[in-house]
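Some notes on the structure that comes next.
As written, the chains take the letters A, B, C and D, and residue 1 is the first residue of each chain.
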């Protein structure tokens, strides 16, 4: 088992940290651009509920696209696989995560997978509840359960800022509304979606979520089942085929573990049966993944033979 | 000069009317689907202010896409060519009129021309006024001026129905808002746009507008200039290159006159210096043009050598 | 009637010549890159068989894409409209002239129009003859007839150079062969096509071709009919809707005459019933049109009200 | 360990066989259309060199797209990862396997991955040798080595038939030649490629190849290393992300093992460290995968928990 001590992990972190200089902090909303480019922290959770970490693990980031895989799990629990995949596909795509082209060119106009924006919006649309508030509580509670952390909340500033500027997501939503993929009020859906993206976690929280997926849905501390095994498996599959934006294929080759990244610089990793990994490193590469985070995972993957393949 | 008598025109109309059976009335909103598939009427205006007509010329239809060329004229008058074409291009496209693909794939994300929905929305966005009401009044007054008909108004039922269902146009608007092509409230723009599309005219009104374009902006009755010659010319150019949806090229070959059609079955035609033509015939072909209207124009074009080419 | 004297035309030429500095000579094959960026010459033919000219009118250029409209005329004469348009469409496209995307995305996989490469290849495919030599003789003779110039031939160097490098055209051909648009040997078709593109003319030849189209198919000197009126009309229509690459729409607005350009810097213009225009100016703008040639046409259009619209 | 006896496997086969009725044999070349729709056979190889099988295991099929992953392994051995991935990408795509659209729309014009036709052609282009014959011998020897079967050869009839009809592949090749991805004679490359696709194997051969990948490159019988571990891993990664055409994502969810299919109805599967699977079942679903083969794998995956996720 790798990295049983913090100091071992810190050695890796130190090496990887040089790469932050090659990245850029997301700046499409002011709240994200305030992040420190040089930050980098990592935590690894083990099946026995223990963990190691390195860097400033208390540094919070928003989930952003990492939330896509969590609401997918929740939607699968609430609605079942058949309904969910009547509205979103299973297939990876070579198009950008926020592309609308395939929605127009595919018949039916169904988002190709739940990891692109259109697909994630269709998934969030399926979260149960009588109001945005109720549905958001449902998502937040699920994430508190996954992390074992009742303190988790969302950043109003980030949510508000994204809500005001996400016209591309509005465009995707109305396109899907036209084609019957979603049928709710678009502003409400975006309110819910931007709140979900603005949920704040640290790398320890991410690592804890990772170990739950790694263990097929079991909480490492309470040993209770949080989600059915097939839901955890399904989520890990999407993390491999399309979890790292348009670098998913290369990441699968170089690292080979289920992972999901977000533009805040977070990465959620799950090594089946072995460990959960959480990384926070806001400097992004040109595909939108944490540049130092990916490097760190490459080093760990090589050292500890993490690849599933 | 062709068709100096109604009876001559009626002979053509009778022949063309058989083609209505091959078309289908637009049914994407209930209000449009109520139209009578077998209706067909035509009017031709001459430079001296006289006209001939055939069919039930009092049958009203909504402008729909025909409004695109009229608001283009108004925007050019109000804002000038430079500003207008900073937000919309000059080029025809082989994509459908409501396509969003090119907006994503072109850099900058500017609609290719003012005759596709994205371009028309960008044009309507530029109409001056402090409120939707004021801007709509500006459009409506312009059309009353063009037709010399103060009775012209819009169908609240059609406008409302389109407003509620035009999610594809919302999608286009938000895409353009993301890319800075438009910067107003989308619901307000759609309110204005759907009202403009719902303005009701008959074939005589359309023919009268046609003769104004044909005369380079001069009213045939009052002999007053309604728009600058270069604006009239510019509009006629777009009518030729992209006025008849994705059949514009074939229409240019077969008929060869500036024309603009709408899904209500209307066609506005302008034969430079010779006459204005208005047609109402709700049965559409698979490209969205009045099937009998196009046939009628083909017959007239052959008989009276209408083609500009 | 404009420019009855060479000196009047020379004044325009002198002004337009400054714009050559803003352009770039095509360099995708060495033979084309040898052209002199600063060259500019123009000739205008009148219906009575007289002409004026300015610049070095003996400067030869290869037809390149200008040949597309000439083989279209020949194919229409040889095969008739129905057959020709079973293999190529009528519609303008916003895609680049050498794009393959629409061939894959449209059903059936028919080139959108005869002015893009795919369409022009499909048209040349239809030229009759038992061998490449025989078919090329047929094309060359037709162009000698149009220009009244028996001296016209093709540049072996340019043809050979293009034949060796036009892999994109091979790609288009095989795509069309797969879909049944063409069924001949691709290397033979490309041999024929590159020869046709390499036919050498000067601006006087182009102007003479222009007046034939302008007169609906009649030779201005012999007064004999070279092509049926409907063929001339059809060609002029395509020149307006898609003759100037992806600047056809803007050219229609600014100049408003049927015209076809080539990457050698040639422009063939036809003002219906009035005159034929030939321009040679190798410096190209970013759309592939002669930058000074377009400017020259804009000046003439404004001065002499050339626009058809 | 599953299926230690043939009879156990036969029970599964019997169930899966009903699904052949729902599929269609590939018919784009006559040689393939002769296959028997109702055929279905499977073999499973174990790390100890033993195997079980069911159905008519002697039934031969051609490799078709299965060859893509084998030449990828060979090219990686011969040329190294850096060179190979300078000419082909790592990323899955939502486009069809034979699509050319992304080649035009991506910059640089590099095929997205080695499992689509364009990418596979670029990979075969890199196979070393002084002639098609020498390069084909290199591929064939590698497959004989992988299968431990010196009798393996190719079907001249299938190769010839595909060579004559694969104009779409020619189109892809010339497009890539234009953009510098390949620089050899296209007919030679296609000769080599169609021969490689026409190599004949049975399900036992496929299972034996599968176990080599499953064991990270080690032959189960001789215990010798056939390819470096990182090459085997890389191939398995592509099999997961894009091995099953445009159903790769769904297959990853439902079965969850590295697999590559071909239009002949073959499937090559590799369950890391556990076993190799070979299936032959010519009836295809609408994505191009063996319909009964996929069902069989779903059953086995559920029964024996094959999923890696």
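Everything below uses one rule, namely that a contact is a pair of C-beta atoms (placed from the backbone, for glycine too) under 8 Å apart; a residue touches a chain by one contact, two chains touch by 3 or more.
Protein names from UniProt, one per chain: A, B, C, D = Glutaminase.
From a predicted model like this one, the values you see are computed outputs, not experimental measurements.
Note on connectivity: the fewest chain-to-chain touch steps from chain A to chain C number 2. Common partners of chain B and chain C, by the touch rule above, are absent. Relative to the C-alpha centre of chain C, the farthest chain centre belongs to A. Separating the CA-averaged centres of chain A and chain B is a span of 48 Å. Rounded to whole angstrom, the centroid-to-centroid distance between chain A and chain D, based on C-alpha atoms, equals 32 Å. Spacing of chain B relative to chain D, judged by their CA centroids, is 55 angstrom.
Looking at chain C, residues 105 sit in touch with two or more other chains. If you sketch which chains touch which, the chains form one closed loop in which each chain touches exactly two neighbours.
Of all possible chain pairings, those that touch are A-B, A-D, B-C, C-D. Listed in rising order, the residues of chain C touching chain D in the complex are 99-101, 104-105, 167-168, 170-175, 177-178, 186.
Those residues of chain C whose C-beta lies close enough to touch chain B in the complex are 89-95, 102, 106, 112-113, 233-234, 236-238, 240-242, 246-250, 252-253, 256, 258, 272, 307-309.
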